[in-house]
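Once you scroll down, you'll see the structures, which are given as structure tokens.
The following pair of complexes shares a single chain, subunit A, combined with subunit B in the former and subunit C in the latter.
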Partner chain A sequence: MFRWEFFLEIIKKPDNIPIILLIIALIVYTWIALYKAFDNDKRLAEGRPVWEAEPHNQEKVHTWPHLLNIEFIAAIILMAGLTLWSVFLNAPLEEPANPGVTPNPSKAPWYFLGLQEMLVYFDPWIAGVLMPTIIIIGLMAIPYIDTNPKGNGYYCWKDRKFAISVFMFGWFLWMILIVQGTILRGPGWNFFWPGEYWDVHKVVPLVNVNLYELLNIDPKTFWLIREMPALILLGLYFLLIPYIVSKIYRKFYEDLGFARYTVTMILLLLLMSLPIKMILRWTLNLKYILVTPWFNI
Partner chain B sequence: MRFRIFVVSSVILFISALLAVWVDFDREWKHYQRDFKKLEIAKTLSEIEELKKSFDNDPEYKNLEEELRKEEEKINSKETLEKQKNLEEKIKKTQFELYVAEREAKFTKSKIDALDYQIAKQTNIGKDVSSIEAKKLELVNKWEEQKKYVQEVKQKYDNLVNEKNNIFKKYKEIKSKYEDKIAKLDMLNKKLDSIHKRPIKVEQILIPQLNNTIDRCITCHQAINKDGFESKEYPKVFQTHPNKELYLVKHKVEEFGCVVCHQGQGIATKTNEAHGYVPFWDKPMFEGKQAEASCVKCHKTTDNIGADFFEKGRELVNTSNCFACHKIDGMPSPMKNGPPLLQASSKLNPGWLIKWVENPRHYLPKSKMPTFPLSNEDARAISTYILSSSDPNYGEKKNVVPKPELASEGEKVYQAKGCASCHAIKGVGANVGPDLGRIASKTNPTWLFNWIKNPRTYHPTTVMPNLGLTDQETLAVVSYLQKFKWDNPELNQTLNLNDTKSIEKGKELIKAYGCASCHNIVGVEGAQNCPNLTNEMEKDIHKFDFGYSHLDPERGVYHIRESYVFNKIKNPWIYNDFVKGKMPNFWFTDEQANAVYTYIVGMTTNNENIPSRYIYKEKNVEESNEEVRK
Partner chain C sequence: MSSKLQDFLEKHVYPTQIWQSIFRHGKPINDRNRSLAVLSNVFLHLHPIRLPRYATKYTYTWGMGGMSFLLFLVETVTGILLMFYYHPTATQAYIDIKSLEFDVPFGMLLRNMHRWGAHLMVLTVWFHMFRVFMTGSYKKPREFNWAIGVLLLTITLFMSFTGYLLPWDQLAMWAITVGTNMARAVPFLGHEGPFSNLLGLRIDNDIRFALLGGTTVGGPTLLRFYVLHCIAVPFVMSFLLAVHFWRIRKDGGISGPQSARLANLNKVTQVKAALGKKEESTVAQPPKTE
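Now for the complex of A and B:
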């Protein structure tokens, strides 16, 4: 049941205001970027020069006054904004620190809320160490795996459909996790709908099971045998899918070459593993697919 | 376009800067300080006015003023001025004369010293010194003369100075008298000046030795330590501390501050943040006399220190027998103050017992026994256990039959033997023993007879005395009391005393609710299942069972220990929406609940963080004995 007072209570928290601004900024800037990309598509289709190549955009002007006075105005607006913000919103007082009693909910800083959300679905070792490392390495690897020469110096959708959609997917996934961690995760890191009262007493049934439990395999079986279905599943996921994709999109595969294609597919499949795991958790209450004595997936 | 944006954003920045300045100017405490400044200025001005008026009616002041004026005239007359001028010239001249004379004398002395040295040196090497000595003698004579002359000139100088001072002597005398007279006015004017000059600023008391206390209460409570604002006409925030001599002079403000007694958020400068509920602020402010809870932080005993409200709380806690269930480490457990129930079945009417267990106040509005949160079914089970387990054969005399014809005689005995001095009847009379206005529905004539004959055989520690009545008199009183019945159809409830299920359940309930803490009950020993209150006020907030009501200002529920403890005292069932609490309701009034709260909070606050130098020590006994011997 949606109740405005509970919704506003969460929205109005001084800590949450930046996240609200983030939602607005996210929508506005994504819209601007895509609008310009589609605009360039249209120009290319009509045979006109892209927006960046228009004569008035090619013209060179002096930094002073053209750039600096824009920056000056931006500085003024920022100052006014910060002044008003500090006048109207005070930093909240929280509980006295006590190592024996952590606050409930214990939330990471906003930029880590995506990671914290991932901890719900993955082993801490994977969500906390492996995935962030792969995210950083993956971002660093983009210039080496994306060798598409089209779109250099301008921005358009048609030439870079794959790159833009993958980026948009990852970008929105991460932002949605941050927004969800801020607004929808309440005491006990339980999920609360907008406008629902954040009840510290809320009890959520803990009925998550591992894959072998779903398949009714005796947990006391030797782990390698017990995890056979999981290993096969993961093998299919990481080997079969790239193989099939390479057969279907032959050109895509040939453009990239084997090494680049493999790296791209591994990164893509890892990215997709998060929403897949989330959906499996919501539908099948799946805790882990693979359970080994050292780590779980 | 760009210019327009620049103009608009600059205007916004300017306005937001002005807004920031205004918000700072508009802070609550600054208003209080400005208001108090106005108040104090008005007060001082009216005092000055009053003083001036009193001078107008004071002949002595008028005389002095007149004399002073006359003297000033005299001093300023041409004659005096000329005289003064002459004298001053002479003094100047003589001063120079004196200077020269003294200089010459000094020079001569210097020469003599030089000759002394010569004499000593020549003597040492065996030369003749007679010529030098002659020279020295000459100089010494000259020096003597010079010294005499210096004296003469000095005398002359002193005379002149005296003469000059004499001109002003009378004026100065009168002037100093006048100044003494207007000293108070002068002081008030200076005070007014200093009030005007006083800056608006956060004022605070810093006490590093007392847990780094920072109290900013005096930022708004400007007059708390100032005399002259005791009157209730002043706004409460500007009143002097009540009983200032005791609270602020004996306990020096600079050493104690405010929150050590009153609690609250001392560093806050907004009223609701300093006084009221602030999320996560552990020590909310005590209201009014609740602050007496803090006396025991430093005072080991509260005898004769004026903590009357705290003492009232102690009394209520003792009569309510709180510590029979709730223990505080180091405090002796009290006696069982309810009547023993070992022979209850010989005494009680089952219907009455059920009603009583459900809520004692239905039968006896002033009952000392609190009301437990029990359903009718629970009450029946408890009654079944008590009646089935207790001994029905009490008393020497069996089967007493009251005689209605003795009732009038009984009433006389009742009056003559002073029963009425302890027992009321239907609310009329003393309140030491229970009201007897419905006694006949509670118990039977046999029990009543044996009880009146010798109460201690039933209840060894009862306060009711053995009045030494004869059998005849006792029977008469019993017959008299038979007319006091409780007209209540529910009394006809019956119990099956052989229902083992019910008996079992009753025993469990008696254990759970700790009935045996106050009553002696067969087969149940001193039940102790209530929270131990030692250091209750230091307990982790998460360990309090708030149920679902963590924050509900309308019902006075706040997520702090103080609120929890107060509500448990005032209305113990307030948190029962989650887990059914067992604590009974004592039906305290607000003031009683506050007193109990004050006592409990005082006794259960850990004072380990109070530095030892603050702990009050009785004056050293040996030392005072020493004084007595002297």
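Now for the complex of A and C:
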């Protein structure tokens, strides 16, 4: 049942205020970007220059006053906003640090809650180490794997459908996990609906099973044999899918070349592994696909 | 300005050797002097003298990069002031934060600005990245600057993370405990990570131990995070910011549609193109900047 007081209690935590800003900014700036993109698509379709390339906008203007003016105004608004925020909302300070008393839930700062949320679906070495590394490397790799020369320096959608869809998918996944980790995760990192009471004693039965258990394979079987189905599945996922895609989308593959295509597919499959694991958890209560003596996936 | 003051300045201030040694250009009343003002000022010189009009529009850049930098400066100034009142020790840190609220004039405002500025900066940097992606500004010739940007984003997050511990309250300690627990699981380097036994790692010699200066978040962690937060990471960040800003100019200024840059081909390239070197004329070169 939705109760405002419980909802507001979480929203109003001073450290959660940025989450509200985040949600507003997501809506506003996604709208601006897409509005401008579609507008430019239309212009291109009509054979007109994009907004950025209009003669009026291409005209060179002096930094002083044209750029400095707007920078100055932006700086004043930002400083005024930050000062007001700081006058009216105090940074939290709880009880002194005490290693003996563990708060429940104990949460990382909000901008890391996407990672903490991933811990539900993956072991710490994947959620906390591998994924962040892949995110950083993957982001850095974008300019080197996206060789499409179109859409450089102006908003557009039609010329970059694939790149924009993938980026937006990852971006919104990240943001939604953060919002969920902040607002919908309570004590014991259990899921709570908005406005639900965060009951510390909520008991959620641990019913998660591994793939071999789903397949009724004897857990005592030698692990390499027990995990055969998992290894085959992972093999199909990381090898067969890229192979098939390269055959179906020949042009895509040839444009990129082997190295770029491989990197793109690995990043893409790793990105998709998160929602896939989430869905498997919700539908089949799947814990691990692969269980080895050293690590689990 | 009243004309009397104006007269006074004109007669007795502007012509002095001191004034002229500081400002090497006339009053910013015409384009020439304003250009000189931008050129001869080290901070304004981060800008080009002139730029295409769309680049001055909020709807193109969203001002997110500039706001990130302004917030970086706010954090630096408020951070230095906070350092005057803070001891990074387990016995004193919490008391120092409390005294900011009750003893130090404007101490709470100072702390609030530092904290909310940091949170805001995470947002502005994220949305800066989002804008750069949506305008395709990471494409040639700005690939490297995008990579520098990703490092800046990582460092911005790491700055926030290390700062979160310093108030030394329950929120701080447990957030950092949760965060650094991940380090247990680093493959090879964390004692609970896959293959940790290869290097003979235990809880008291793995990578988490190095980060915390102990097996749990304690006094030594506070000191380590303090040094990282106040000195080591800002140092790296300033370095990367310098590269980032330099490269924006060297990559041809703010990004823009190809046609614009083709129109701006520098002289050498134009000559080569005129001589029939087809390659050069079709590949857009960033215009040279002064």
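The working rule: the second predicted complex is superposed on the first by the 295 of 297 C-alpha atoms of A that agree within 3 Å, B and C clash if a C-alpha of one lies under 4 Å from a C-alpha of the other, contacts with A are read in each partner's own complex, and residues count from 1 in each chain.
Everything that follows uses one rule, which is that a residue touches a chain if its C-beta (ideal position, glycine included) is under 8 Å from a C-beta of that chain, and two chains touch if they have at least 3 such contacts.
These figures come from a predicted structure and were not determined experimentally.
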Message = With the two structures overlaid on subunit A, would subunit B and subunit C clash, or do they fit side by side?
response = fit
Ask   = When the two structures are laid over each other on chain A, which of subunit B and subunit C touches more residues of subunit A?
value = C
Request  = Once the structures are superposed on A, label A:25 by its partner contacts, choosing first (subunit B), second (subunit C), both or neither.
outcome  = second
Message = After the superposition on A, what does A:201 contact: first (subunit B), second (subunit C), both or neither?
response = first
Request  = Based on the superposed arrangement, let me know which partner A:80 touches: subunit B (first), subunit C (second), both, or neither?
outcome  = first
Task = Have a look at where A:63 lands relative to subunit B and subunit C in the superposition and call it first, second, both or neither.
result = second
Ask   = So after the superposition, what angle do subunit B and subunit C open up at subunit A's Cα centre, nearest 10 degrees?
value = 70
Message = Contact-wise, after the overlay, does A:95 reach subunit B, subunit C, both or neither (first, second, both, neither)?
response = both
Task = Look at A:109 in the shared chain and tell me whether it touches subunit B only, subunit C only, both, or neither; answer first, second, both or neither.
result = second
Ask   = Can A:216 be said to touch subunit B (first), subunit C (second), both, or neither?
value = neither
Key: Least Cα gap, in Å, left between subunit B and subunit C after the two complexes are fitted on chain A   = 7
Touching both subunit C and subunit B, counted on subunit A across the two superposed complexes = 70, 79, 83, 86-87, 93-96, 98, 101
Key: subunit B - residues contacting subunit A, complex   = 2, 5-6, 9-10, 12-13, 16-17, 19-20, 23, 278-282, 540, 542, 548, 550, 578
Query = Inside the complex, what are the residues of subunit C that reach subunit A?
reply = 28, 31, 34-35, 37-38, 44, 47-60, 62-63, 66-67, 70-71, 74, 90, 94, 97-98, 101, 108-109, 111-113, 115-117, 119-120, 122-123, 127, 129-131, 133-140, 142-143, 146-147, 150-151, 153-154, 157, 160-161, 164, 167-175, 177-179, 181-187, 190, 192-195, 216-218, 255-261, 263
Remark   = Residue positions on subunit A within touch of subunit C in the complex are 15, 17-18, 21-22, 25, 29, 32-33, 36-37, 49-54, 56-68, 70-71, 74-75, 78-79, 82-83, 85-87, 89-99, 101-103, 106-112, 115-116, 123-125, 127-130, 136, 139-140, 142-144, 146, 148-156, 160, 164, 167, 171, 294-295
Query = So in the complex, which bits of subunit A are touching subunit B?
reply = 69-70, 72-73, 76-77, 79-80, 83-84, 86-87, 93-96, 98, 100-101, 199-201
